[in-house]
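Below is one structure; the comments refer to it alone.
Residue numbering begins at 1 within each chain, and the chains themselves are lettered A, B, C and D in the order written.
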Amino acid sequence: MIKYSFKNDYSEGAHPNILHALISTNLEQQDGYGGDVYCHKASSIIKERLNSPNSDIHFVSGGTQANLIVISSILRPYESVIAASTGHINTHETGAIEATGHKINTVEKEDGKLTAKDIEQILIGHTDEHMVKPRMVYISNSTEIGTVYTKNELEEIYNYCRQNDLYLFLDGARLGSAICARDNDMTIEGLCKLVDVFYIGGTKNGALIGEAIVINNDRIKENFRFNMKQKGALLAKGRLLGLQFYELFKDGLYFELAKHANSMAAMLSSEFERLGYTFLTESTSNQIFPILPNNIIDKLNEMYAFYTWSSIDDKNSSIRLVTSWATKEESVSSFIEDLRRLTNEFSK
Amino acid sequence: MIKYSFKNDYSEGAHPNILHALISTNLEQQDGYGGDVYCHKASSIIKERLNSPNSDIHFVSGGTQANLIVISSILRPYESVIAASTGHINTHETGAIEATGHKINTVEKEDGKLTAKDIEQILIGHTDEHMVKPRMVYISNSTEIGTVYTKNELEEIYNYCRQNDLYLFLDGARLGSAICARDNDMTIEGLCKLVDVFYIGGTKNGALIGEAIVINNDRIKENFRFNMKQKGALLAKGRLLGLQFYELFKDGLYFELAKHANSMAAMLSSEFERLGYTFLTESTSNQIFPILPNNIIDKLNEMYAFYTWSSIDDKNSSIRLVTSWATKEESVSSFIEDLRRLTNEFSK
Amino acid sequence: MIKYSFKNDYSEGAHPNILHALISTNLEQQDGYGGDVYCHKASSIIKERLNSPNSDIHFVSGGTQANLIVISSILRPYESVIAASTGHINTHETGAIEATGHKINTVEKEDGKLTAKDIEQILIGHTDEHMVKPRMVYISNSTEIGTVYTKNELEEIYNYCRQNDLYLFLDGARLGSAICARDNDMTIEGLCKLVDVFYIGGTKNGALIGEAIVINNDRIKENFRFNMKQKGALLAKGRLLGLQFYELFKDGLYFELAKHANSMAAMLSSEFERLGYTFLTESTSNQIFPILPNNIIDKLNEMYAFYTWSSIDDKNSSIRLVTSWATKEESVSSFIEDLRRLTNEFSK
Amino acid sequence: MIKYSFKNDYSEGAHPNILHALISTNLEQQDGYGGDVYCHKASSIIKERLNSPNSDIHFVSGGTQANLIVISSILRPYESVIAASTGHINTHETGAIEATGHKINTVEKEDGKLTAKDIEQILIGHTDEHMVKPRMVYISNSTEIGTVYTKNELEEIYNYCRQNDLYLFLDGARLGSAICARDNDMTIEGLCKLVDVFYIGGTKNGALIGEAIVINNDRIKENFRFNMKQKGALLAKGRLLGLQFYELFKDGLYFELAKHANSMAAMLSSEFERLGYTFLTESTSNQIFPILPNNIIDKLNEMYAFYTWSSIDDKNSSIRLVTSWATKEESVSSFIEDLRRLTNEFSK
């Protein structure tokens, strides 16, 4: 019997406010394809929250869709995008970016975070027309392994990109978690000045579906909706996306939910530390990667769902635990209790 | 003041049953990406309804997405798809099919319906490797201009495709309306034997979002989910799609809603006929295209939203009126009353 | 026994001057990929001949390659190209343009020539992001059916394109023949002011292989060689292309060859006219399309190779006769003699 | 003054036999697009030499073109190709493979050669539809860094591919050099039984232009010419390709030329060894990568053209020297003399 699943942050439906809003507006007639009043309201409230009135906001269904549309809409055919080898576009999108014709230049990074130096190494290796021309940098925040970029790190990347005519794109599938991480010093409104385009992940932070793409650089705004339509991303009932983001942003719900997810992960982390366990990566976001003896992992897996991430040595592996807006403290407490008990048992 | 919009069949949200189901299942933890219990239940109930246990069912967000995934997953790079020039893939998908690398061979058809003869004309014109190789036929039912294929017409196309090694794909964005059209003699379960792949449109018949792709031909089933993921169509919370189709199919709601939409369109049609107006196309589905004097169109447009479709002559145009599961009889009656009054006024 | 083939203008090898130049330079060491001295010399001599020092010149292997590189290098993903339905890119390139992701918007034209009005009709029909955005116009000169654009016609198209932010691309696979057509009033140097990009066909006018792309518009010059390399068009021994164009342009050989081809076609045309035959199209270039009784066609086909182009009625068809730089007057005379004889015989 | 260029094996034109054959057949009328008698003869002679009557032979212009056509014609959209990170498709084709929609899964290899174990590591990491599905293995022989696969190594890869439903593709841009390498134990005819498809490089071994694609696996033969045409690879005067391969294979000239190139490289290698220099890679083919002090490299570069390949430490770098069918022994001797002198000078 599985008591709770820590497999991911999209196991539950949506925050109740969203469902109530769907019901209360259900029979209104609205224009299709994002022309509805809720998309407009959501766009306004997000731009206000970002203090970035000139940004363009577009809503799409999911992260892979956001990534492939943003990247393919910006790059010319021979241009490539630079990413950490752990980047979602490189590992878990079934070649979606290549399917639009573009190479991903990867850099191996233990912490999943690119630096200006990493990017420079790629540029140095690409010198003429026999090679792709790197033109964009893709980063995820928080990363696929739970780490979070500091303001300094982002500024360094940004400056390097500016100086080298590279576009900077931030995949924010878990942006809420990054912004609300306990050691984060970057504001969400600050992003509008540091990246050309990013997206605010809804699916993994309380929405049923949906990511809000924020385009800050004027040069990549033109005709963006053509790209969306061509890739099958313009929903006929766009209201479904607009309404959710309006609910998430009108009173700061988006950040409350992310804080909750992070605090549930922090509760887990603290206990792992207290019990003397180490981690694969230093995460302050809603994904943690503790390293455990395989026999304890097996026992935990009988009670909780989660992914075993990587093998550390013959006897130990890292696991991934993900918390969300919907994770209840009691589920975390239950896990902690079982972890303590198993640690005790097996240490004898 | 607009009394009602007949612009399309996706102006409202979802049938209330769907919203209630979303709420009642909201906090259940479910596997992501279509691995949830509702996708499984929806798939089962659809296959049962289709009496086609060996069909594969996949849920995606919208029609353009369904079309581009189905077509690009089947065709080899040099193969093309044959469509009526009015086909949605040819006119209103921003080149989504071409963006996956494939040419559309088009045939001009006044009624929007292909025949075996049309297809043959394309094949005759494609003889060697200097030309694309037509390998698939795309038809819409009901068509983009409201017409419906008869069983005989479908069988003729099917037989021709079988004999000529062509795949047959039916775009069912408005399949409910086609199946429930008053003069339709084709059953939905019959489709499984006549087309290689089709989709059941949810967005335009009561769902918030979603189309159910039904693959009948074994040769095109393999690894279909890879194609979905690559095109950004595997929703993390796939439950949103499964749950809706389960609600729509568990008790026949899907067909009730389509019947209602059709009957509202029929009410409108009858009145246009009674008043002596003609139509651009013979439609028995939920889209009708009456021809009216431009001055009456202008007056109607002050009270009702709808598209003017095409210019007939200096003084007359066709308009498109679309009804849906949510169209109330009182809205139709109101329109009819205004139409009568205006007809009267302007005929003096 | 076939006395001569009028099937196309690429049946023979290259003009002897070219082969001699290949031999005399064979053992020189030259840089690869177009960095050789002959590509530079050819580029200079062409720009001089065109009186267009700021044009960029690139050499590629063939027409389909030129077309797909030019078009895909210019258009953004959702943009399309407008062409006559007879255009080579639409009929005889196996979907090469669509394979780079772009739709071709076609206009049916009996004479194979687009007008500003035709282009306007396409623009009028493309109004929003649900449709592709036409951004380029593709014309062939001479056309695939032998016709030639007048200066006025080109200016009209050019002006329309300028006013509507459309790029104009001229496929010059048979540009020599067009420029040297007896009723042509357009100069090749004039093209640099009227089209954004065109190519000068070598393969069909005396070269072994090769087309010279001429880019006049600064906005589409950047990084063009990246596109060439990506599409497999940068030949390691680029000298092969440069040397040929240098030979063709250093003394005007290119135009002499085209004139010869045209004059051979004109000899044929005159005789068809004299004998009372009509033509499918009014051609003054090196392709003519006379209409003949099918029984005469059958007899001619026993002695000469050529394509039967289209059926006119039960008893008559059009054929295509193509002459080239290598067509000898004696072959033409022989054909004329046989035509006269057969006409005589069958008219009895 | 540059005495000789060792930059690459495509600095000169073609072997004189080829040019003579071009001249002696120049005015024959031949069918276009590979339908000529020389393509047929070349195809026959190659199949005979390969002792593989059921293989299909196709001629294309260059290596990037061959690679992109072969790979894109075989893979379905979500499938990927595995390559060493040094593979030409990964480094020097401007993203040509990705431009056809496919990801390259790379493995870092110091010697540029893949093993079954390398391939297995990639397969292990690709488990579900969120990742591309590796379906093909790409190897180069000789590799981009001069190494050559042994028969055992190829058999091991082949067996692994068979067991795991992977296609094996060998890039033979320098296949002549590999087959004629002094320690090679693999025959060219043996390749037909060990790889699904490969190509025989002409451009780098005596031809003006051209690679011969050899398809051994029946499953990938169908409609291959459609792919060629779509990618712009069907030359109108295909005779240019056929004739060259006929000349190269009718009397074994292809292998003589490769042997000569290898022996010239071996002369250079022996001297480097004799003088106590080491190499970046162990090459027995026509590309060698000796490591030299930077000051000697600078001096050599004033007299000979070659690429500095990689920095070894502060004072030493590897250089690449490439020999060809056209490299004269006197050029090699001259280089050796200068190398001895400089080694002497700088060692004082």
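In the analysis below, a residue touches a chain if its C-beta (ideal position, glycine included) is under 8 Å from a C-beta of that chain, and two chains touch if they have at least 3 such contacts.
The UniProt protein names, listed by chain, are A, B, C, D = L-threonine aldolase.
This one's a predicted model, so the numbers in the text were calculated from it and none came from an experiment.
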Comparing B-D against C-D, which pair counts more contacting C-beta pairs? C-D
What chain lies farthest away from subunit A once each centre is taken as the mean of the Cα atoms? C
Could you tell me the distance, in whole angstrom, between the mean C-alpha positions of subunit A and subunit D? 43
Between subunit C and subunit D, what distance separates the C-alpha centroids? Give it in angstrom. 34
Starting from the mean Cα coordinates of subunit B and subunit D, work out the distance between those two points in Å. 51
Among all residues of subunit D, which ones touch two or more of the remaining chains? 77-78, 93-95, 99-101, 129-130, 132, 226, 229-230, 234
Residue ranges of subunit B touching subunit C (in the complex, touch as defined): 77-78, 80, 91-95, 98-104, 129-132
Contacts from subunit C onto subunit A in the complex sit at residues 33, 72-73, 76-78, 100-101, 129-130, 132-133, 223, 225-230, 234
Residue positions on subunit A within touch of subunit B in the complex are 4-5, 7-8, 10-14, 16, 19, 22-23, 25-32, 60-69, 93-96, 99, 203-204, 208-209, 226, 229-237, 239-240, 305, 326
